[in-house]
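Take a look at these structures.
Note that chain A is present in both complexes that follow, paired respectively with chain B and with chain C.
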Partner chain A sequence: MKGEDVMPQSSGQQRLSWFQRSERWQMFTASPMVVASAVWLAFIVLVAVLAPALVAERANFQNLSLRFFPPFQIEQGIEFILGGDSLGRPILLQLAMGAQTSMIIAFFAVGISSLIGYAIGLVAGYFGGWVDNSLLRIADILHTVPSMLLALVVLFILEPSIFNVIIVLGITRIPVYLRTARAQTVEIRERTFVEVARSMGASHWRIMTREIAPLVFPTIRTLAVLEVAMVILAAASLTFLGIGLQRPDVDWGMMVADGKTYLKTAWFVAVFPGVVIVLTALSASILSNWLRAVEDPTQNILFARKPKPSRGKAP
Partner chain B sequence: MSYLLEISDLNVTFETRFRTVPAVRNVSLAVGQGESVALVGASGSGKTVLGRSVLGLVDEPGVVRGSILFDGRQVVGRTEEELREIRGVGVAMVFQDALDGLNPVYSVGSQLSEVLTVRLGHSRAEAKERAIELMRQVGIREPESRFNNFPHQFSGGMRQRICIALAVGMRPKLLIADEPTTALDVTVQAGILRLIKTLQRETGMGLIFITHDLAVAREVSERMAVMYNGQIVEEGATEEIFSRPQHPYTRALLLAHPARAKSWRDLEPIPDEFVTDEPSSDNQTVSAPAPTASIG
Partner chain C sequence: MLAFIRGRLLSGLLTIFGVVVLVFFLARLTGSPIDLFFPEGATQAQLESFSRAHGLDRPLLEQFWVFLSNAARGDFGMSIWQQRPALQAALSEMPATLMLTFLAMTVSVIIAVVLGTIAAAFRFRLVDRIITILTLATGSIPHFWFALVSILVFAIILRLVPTSGAGNWQSWILPVATVSLGPIGILTQVTRGAMIEVLSSGFVRNARARGFGSTRILYRHALRNAALPIIAVAGDIAAGMVNGAIIVSVVFAFPGIGKAIIGAVLARDFPVLQACIVVVGIAVVLLNLIIDLIYVVVDPRVRLS
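So, the complex of A and B:
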């Protein structure tokens, strides 16, 4: 922890340079993939926040003469650089609009299911016995009912809206996290440091939250990030069935679903949103993987920058 | 004199639907204030289960019957919540597996000071100061710079020292050390034993030292109890037992100990009759064959 020993006197400039010398920053800049992922995610979030205020009107303006306008041409202005969709809307701006919805759905649906699954899994794994059994059976039931069917029924009864899509997707994905968290908890609870904590009078709550939960968390986070793409696409299939989002709301999954029909004639309508989904999911995954490795004190040495070999010598 | 810990007629059995395995049978043992008692026996003789039962750490399907009085208060049958008043501040335990005794995600110092803030209500600054003090006490060099290190940056012996610091940090009245040196090599072992002795002298706590190593038992204890097959077969002053063992099993144990032998030919293996991987479920006292050699 060399970088953390020297806490400098606070002046902005100094603090910045101290930060740049800190181990974590060095580890961050050492891997270009990680930097690229972070930049991409930051960009998407920025777009998600700004786009609706700036381009909402132009994004939804339909100009049928520009239907399937081919991409990479700027005669119609920069907004048609990625082409036009089936109703002549600019794909670039649609993507920007979709960023917000997709981010909101992915963030909250994954957040809800991972938090609930994480908590229940910890409790089930830690206490075992009938608590464990009954919680697992509930998870089984949730798992065996096809999530699409459940979503269909619920959204048929409720009004289709972003909020309801989030709730449905959130609840149906709980078992994934529950099982993982439980399996890890069962393993960790047998370790000596848990025993030590107990022998020193730690309460169940403290053992669960302070001793076990931090060791389960990295797995849950990795899983959650992998689920982001899952959820975006699941939302798209709901939309495809007509019970997800309703226009003029748009998300990336919906755009893929729209474009699917025209894949032969106008590939770009489906491909660009697809690429954006993949890039976003990939970035999140790379970033979370990096975080996991960096936070693990036994692994983070792998990311330390090797001293550059001096010239003329074999490394 | 009233005892610090009084165990009487303690039975611990593990009861599943299909069978019942007794681990501790009719054990009575008393430990006085500041006294050190060694609990000796082969593996599987019930030493560890006995130690854990004092802290109420015997889990399902284990069933504890009998009486354990600590400081005049009954331990058996208490709820988890009530046991917390005893654990740590009354009785502390050092476990065998030193390498896994600390949580890998927290720094060593934060684990030490957390216990002090949570259990003793120290302020953060106080706790840190005292944690460093404790680290120094258990022989960690340059504790200030090692305070923020993580467990994997410590050697096995140092981790066990930290575990001991955790246990004694709350100034318990009784320390149960469950084979604290078994996972460590011999040179480190000597240091740990000396440390425990010193700490015990300084703090005046009682000590139950669980071990299968007779030499270790002799070094740390005033009194010794020999366990065999879940029972205490012999109990008395340590030196007394070493010079005049009464029970055949004790005699066999001593004959098998290398420290007494000039050459390996003098060593006597424990007779087969005593070797039990599984305690037999009948309740009779062990009848023992007489060892052939006499003890000099």
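So, the complex of A and C:
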């Protein structure tokens, strides 16, 4: 780690050498759990993209004779393998439709909050002063009001819709990135290579975008992957409370809410959507954890290499 | 020490002021706050008389001033559905929430410290990996689903606890478990990280060299020093516990601020909602202050900074 100051990276643009890349790939394939998480997320994204075109009609077809059709039976075809819901709709296909809603919300909410938080955090950390102070204060205030309460109030004022859920979650999650980006910027701005760039006449803009930002980016990326999990959970909680969305839009949280009343008679209606939420959120957490281990192998987390590495053979 | 408390109090007051301002502007976000204060279907005459009586036809700055001075006196208006002040409606639900938060905090810190210490002591071994995966999993389980599944398993199938309400002590078990779930995961990770750092530090090696047993080193030397980050993170978690409390009030029909919040949302009772935000904000600020004080007591170094 000491080498960094002696040999400053002349530019923040780090190119992965062949060596590093192959090592990264090895770390990926070394853990079956990471591979499984990535595969599951890819599968959910694929379903989210394809489901509306392929199964939208059959997913919403109500067949009251199949009301609470028990799961794990294939008499009614594979689409009823997870049973039927309170209106006789196939739960499996409803889950597929819900995947689209959850993925859209997660993608855009994380996109909005990470970009804004990243940018503001960089500027605040780089310039410091009263702008920095007041931004931190605002982040503090947002942090004091529990996120779900804030989301409830905003959705109380606005109409429930996918767009508004994205806006609410996009804004309330900004402080997470802002604090992280700011803290890192404050630290990096004091390093020698930034000083070198400054002495060579680089503008503030250039130092921020070319020297500092690329070093902050990996942390923000790791955080964003973790936030996918957080946003999926938060969005599901809102729709579970019945204030995020309205039919015909459907997501996993809403499906759990539908099944809430029938817990005694038809447990599967509430349980399966929850299982999908847990699997998806857990996959994102595991991937995020793995990314952190890749970026900083010394950190002691799940996928960090063991302290007694067999450094003998070449990678 | 006094200066430290004063500084924290001031910054807390500033935050609460910010929350009040936030509440005011949220209400004006739609352009016409009158709609918020009335359920759908109110007549035009009703709207106008309300607007005049509450000064909603005055300039924005004047409205803001009136709102601030009323809020400073604890006046958030009358609840629209319950015949009592909004602040009272919010405050009357706080004891149950504070109790829930206190219990959940205690339970999660104890479990997290035990699990985290075990994980750190056996780091990179199988036990550690299992604990780490479990803590990741707890963070990925939505409150509402955990609550429902726990009702299904423990109340409906096993009949060990009641499905809802807050009558006897058994009815507190599932709500506390629901609210603690996420914090246990986070705090276990923090404990593990802090313990690993402490265990590799000089004074622990020194203690080991002097021949103290591992258990004694873990609990007497390491855990004390690892307590700081745990306390710091516990403060952050406090605000999140209200999120869990909201869900718990819906699923378990459990009393608490969550019940007031959800009730206000469903009844479109905006004054109560405003009062709830401010009350929760103050509670979180106070909780953070208490945690800061504990921090100072545990670590004398903080006092100097």
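Keep this in mind: the second predicted complex is superposed on the first by the 226 of 315 C-alpha atoms of A that agree within 3 Å, B and C clash if a C-alpha of one lies under 4 Å from a C-alpha of the other, contacts with A are read in each partner's own complex, and residues count from 1 in each chain.
Just so we're on the same page, a residue touches a chain if its C-beta (ideal position, glycine included) is under 8 Å from a C-beta of that chain, and two chains touch if they have at least 3 such contacts.
Every value quoted in this text rests on a predicted model; they were computed, and no experiment measured them.
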Practice problem: In the overlay, answer first, second, both or neither for which of chain B and chain C A:V294 touches. | Solution: neither
Quiz item: When the two structures are overlaid on chain A, which partner does A:A236 contact: first (chain B), second (chain C), both, or neither?
Solution: second
Self-check item: chain B versus chain C as contact partner of A:R198, first or second or both or neither
Solution: first
Exercise. Return first, second, both or neither, reflecting whether A:A119 touches chain B, chain C, both chains, or no partner chain.
Key: neither
Practice problem: For A:L149, decide between first (touching chain B), second (touching chain C), both and neither. | Solution: second
Quiz item: Touching A:A38, do we find chain B (first), chain C (second), both, or neither?
Solution: neither
Quiz item: Counting only touches as set out at the top, which of chain B and chain C does A:I286 meet: first, second, both, neither?
Solution: second
Quiz item: Just chain B (first), just chain C (second), both, or neither: which does A:G274 touch?
Solution: second
Practice problem: On the superposed three-chain arrangement, identify whether chain B or chain C touches more chain A residues. | Solution: C
Self-check item: Partner chain in contact with A:V131 - chain B first, chain C second, else both or neither
Solution: neither
Self-check item: Residues on chain A lying within both footprints (that of chain B and that of chain C)
Solution: none
Practice problem: Could you pull out which chain C residues touch chain A in their complex? | Solution: 14-16, 18-19, 22, 26-27, 29-30, 36, 123-124, 129, 132-133, 136-137, 139-145, 148-149, 151-152, 156, 192-193, 196, 236, 239-240, 242-243, 246-247, 250-251, 261-262, 265, 268, 270, 273, 276-277, 280-281, 284-285
Quiz item: Which of the residues in chain A come into contact with chain C in the complex?
Solution: 33, 137-138, 140-141, 143-150, 152-154, 156-158, 229, 233, 236-237, 240-241, 243, 253, 256-257, 259-260, 263-264, 267, 270-271, 273-274, 277-278, 281-282, 284-286, 289, 300-302, 306-307
Quiz item: In the complex of these two chains, what residues of chain A are touching chain B?
Solution: 1, 4, 129, 191-193, 195-204, 206, 210-211, 214-215, 297-298
Quiz prompt | Complex interface listing, chain B residues touching chain A | solution = 55, 57, 60, 80-81, 83-89, 92-93, 95, 97, 100-106, 114-115, 118-119, 148-150, 152-153, 163, 166-167, 170
